[in-house]
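When the chains are written out, they are named A, B, C and D in that same order, and each has its own residue count from 1.
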Amino acid sequence: MTAWNKLTRAQIAELVARDIPDGAYVNLGIGMPTLIAQHLPADREIILHSENGILGMTNAPEGGPHDPDIINAGKEFMGLVPGASITEHVTSFAMMRGGHLDVTVLGAFQVSRLGDLANWDTGEPNSIPAVGGAMDLAAGAKQVFVMMEHVDRKGAPKIVTECTYPLTGARVVDRIYTDLAIIDVPGDGRLIVRAMVEGLTLPGLQKMTAAPLTGVDACQRIAA
Amino acid sequence: MTAWNKLTRAQIAELVARDIPDGAYVNLGIGMPTLIAQHLPADREIILHSENGILGMTNAPEGGPHDPDIINAGKEFMGLVPGASITEHVTSFAMMRGGHLDVTVLGAFQVSRLGDLANWDTGEPNSIPAVGGAMDLAAGAKQVFVMMEHVDRKGAPKIVTECTYPLTGARVVDRIYTDLAIIDVPGDGRLIVRAMVEGLTLPGLQKMTAAPLTGVDACQRIAA
Amino acid sequence: MLDKTVPSLAEAVSGVCDGATLMIGGFGGSGIPTDLIRALLDQGATNLTIVNNNAGNGPLGLSELIAAGRVRKVICSYARSANPKNPSSAVFAEWYRAGRIELECVPQGTMADRMHAAGAGLGPFFTPTSYGTPLAEGKETRVIDGVGYVLEHPLPGDFAFVKATQADRWGNLVYRYAQRNFGPVMCMAAKIAVAQVQEIVPLGALPPEHVMTPGIFVQRVVECRNPQ
Amino acid sequence: MLDKTVPSLAEAVSGVCDGATLMIGGFGGSGIPTDLIRALLDQGATNLTIVNNNAGNGPLGLSELIAAGRVRKVICSYARSANPKNPSSAVFAEWYRAGRIELECVPQGTMADRMHAAGAGLGPFFTPTSYGTPLAEGKETRVIDGVGYVLEHPLPGDFAFVKATQADRWGNLVYRYAQRNFGPVMCMAAKIAVAQVQEIVPLGALPPEHVMTPGIFVQRVVECRNPQ
């Protein structure tokens, strides 16, 4: 029996949401990061971008009606907020690649100690390469947050010294949110543990991490 | 006394207008080519483009009212036709550079036998370089027509073996309309005289041209 | 008189040759010109290179074209299903794994800008996207001020099929919301851009400032009031 | 709450440093943010590099900035007057001939696309424009499939001043007719884009499909109901 509990996906989403400032332009990647939309603080205006040209998305009303021409990158039905705008693909990707988005939150297979990101291809012989907009986001957003489980389904660490999966971008990740910790990636090879779930120790976290972690006195404790 | 008369600017404009087909997208350069707008056949829909993002211009109503936000490249007040559209500069120049305009008509200081165009800078020590959109039009329109006097104010030929003025574009001109003749520029070094003013002979035209002309049996006679 | 409207889907897709590069608009279910694609099934062109963000969303349209053996190669950013509730690209996956269809996987923004370069008459351009990744392998790269870039080439099309909401007879297009996506850039990049629209309106009915694809980029328009 | 509106022209132009690169929108008399430029006269920044299509249309605005000795360099496509009835760039010509101001003459489309590259996070790009002309001298060139290209570099700005008709507090902009010209691309290319607008409207008043510059590209908005 362990002395700690993993965070739920909703709890991780809440932690990420807490760190997104008022007025930020944000792109939430397909999959787990999409959950963040439901946890954004009500007192902040956070403007969600979708690669298909929507700036100013919100969740669609429960039960509809749904507009087939208002969807997100995951092809889910969405709504528009007052102040929303629509563009075509060239301009939408200029937002992503040109450093105009304050934050993007992406899922990941692996993140390296230098901030390399692997999230688009497992490299398995049978896998079909499919990158979407991930490489553009990784290359261009002001801050790249990763949201993922700390270890994979087989228990193997996803934070590694060097990625073994094909890269999405080199040295792009700024911060990692897992079900166990929040880790800053300054890009100098350190992985600075900013927060951990209650009951977990740095050596305990290190065992589940395949790159050396750096502790700080001010490490925050998260109640799971 | 000569046996022939020069064409007026309006007459040259009419000749060019006659050769622009129904449904063509056309950019008329600043200066003399602007006159063509007044001579377009009423039974053809010819869509005029201006580099500042207007597609579907027409002359402004005589005496106004004038809209300060509907102007052409020469900064003259214009009007919009039904079917007009407005874009910003990147898209407007994509129309010009990307081969979407059927015809552009430009003024010129010199045209070479290979179709090199010099129309932006006299190269004089005191001249201020100013190119505008001329190089983009020269590089990208499907057909580049030049409209100019056959010789300059001092009587020197403007059609030359090689341009002495700085180039706007190399091998870009397809046809020249002057106050004396219409000359095709196939790009192989020939200058094929398609039409001449009445009373002028090929040797007579050759005297005013600094590159060898090629005559054709079907050379048309223009009444000045 | 300039009239780009054509009376039938068959006429709208005429002239697509075997071996042509065909751009197909749409992202998710929005903006897919399904009726034009199905008309192309009847038209018969084969050995096609398809440029689309995906490799067939759902069973209709592009998936049918692939299943009929008419597609030689797909250029796309995402040849998998992003939505587990609505699995797509199933036909493509089968053909790809059988080695019967080629795939060029391109980052989505690079794909858009490669088409923009083609449509704007530009040559190749350097982009930071994919630098240091397998998608940059074999490509010219350059480091400028410490940033790595990959040289990407223009992507022109012989035809583009797009879906819009309104058009006039000059080919001016207006799209609904995110239906716009790849429509404008594909119309620019293709020699012959064909738009299926909900409604053809009289010339002058579209406000000049609200036209999203100027008619100069569109060669054919067909009305399709009850799209599939 | 995200509120990009500022109450005064002075606040709108604050922070422009000496030596900054300032993009100024406008083509002919349309879209020139004259009030912002005049506020910059008061603000005092000097040694500026100005990116504008011209080098001062008429006596107000940019011409005043040049006459006040505040401009080190002009990057523009057309530093002469195109309209003999309305001679412009007179002050620029005087300073240029006296060797007191630098000029970089850039083809207009190249200028637009260099800003686009900067705003879109792209690196340099090849364009056929100016190949074989004096404006290509000293630049890297390449011949591809028989077409000559010149390598052109991104043109980023520290500030952009543009004029639009309406804005909301998120910075979404709508322009009247050809007022749009360089506005959208300059807002993309500059770190801080400042728009002077005729009217600030409530959030939600601008239809999402008709926004011409999305607010993400705009950092400050100032209302100027009686522009100069």
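Criterion: contacts are C-beta pairs under 8 Å (C-beta built on N, C-alpha and C of every residue); 3 or more make two chains touch, one makes a residue touch a chain.
Keep in mind that this is a model prediction, so the values were computed, not measured.
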Given subunit A and subunit D, the chains that contact each of them: C
Required steps from subunit C to subunit D (each step between touching chains, minimum): 1
Selected interface, B-C versus A-C, where C-beta contact pairs are more numerous: A-C
Subunit B-subunit D separation of Cα centroids, rounded to whole Å: 29
Distance from subunit C to subunit B - Cα centre to Cα centre, in angstrom: 36
Chain centre separation in whole Å, for subunit B relative to subunit A (CA means): 56
Residues of subunit A touching at least two other chains: 80, 86-87, 90, 93, 96-97, 139-140
Two or more partner chains touched - positions in subunit C: 113, 116, 120-122, 127-128, 176-177, 180, 208-209, 212
Touch-based graph of the chains, sorted into line, ring, star, complete or other: other
Complete list of chain pairs which touch one another: A-C, A-D, B-C, B-D, C-D
Complex contacts: residues of subunit B adjacent to subunit D: 30, 50-54, 67-71, 73-76, 80, 86-90, 92-93, 96-97, 116, 121, 126, 128-136, 139-140, 166-170
In the complex with subunit B, residue positions of subunit D that touch it: 27-31, 57, 77-80, 82-83, 86, 89, 92-93, 96-97, 103, 105-110, 112-113, 116, 127-135, 148, 176-185, 212
Interface residues, subunit C side, partner subunit B - complex: 1-2, 116, 118-122, 168-170, 172, 188, 203-204, 206, 208-209, 211, 214-217
Complex contacts: residues of subunit B adjacent to subunit C: 22-23, 25, 45, 47, 49, 55-56, 80, 82-87, 90-91, 93-101, 139-140
List of subunit D residues in touch with subunit C within their complex: 113, 117, 120-128, 142, 144, 147, 149, 175-177, 180, 208-210, 212
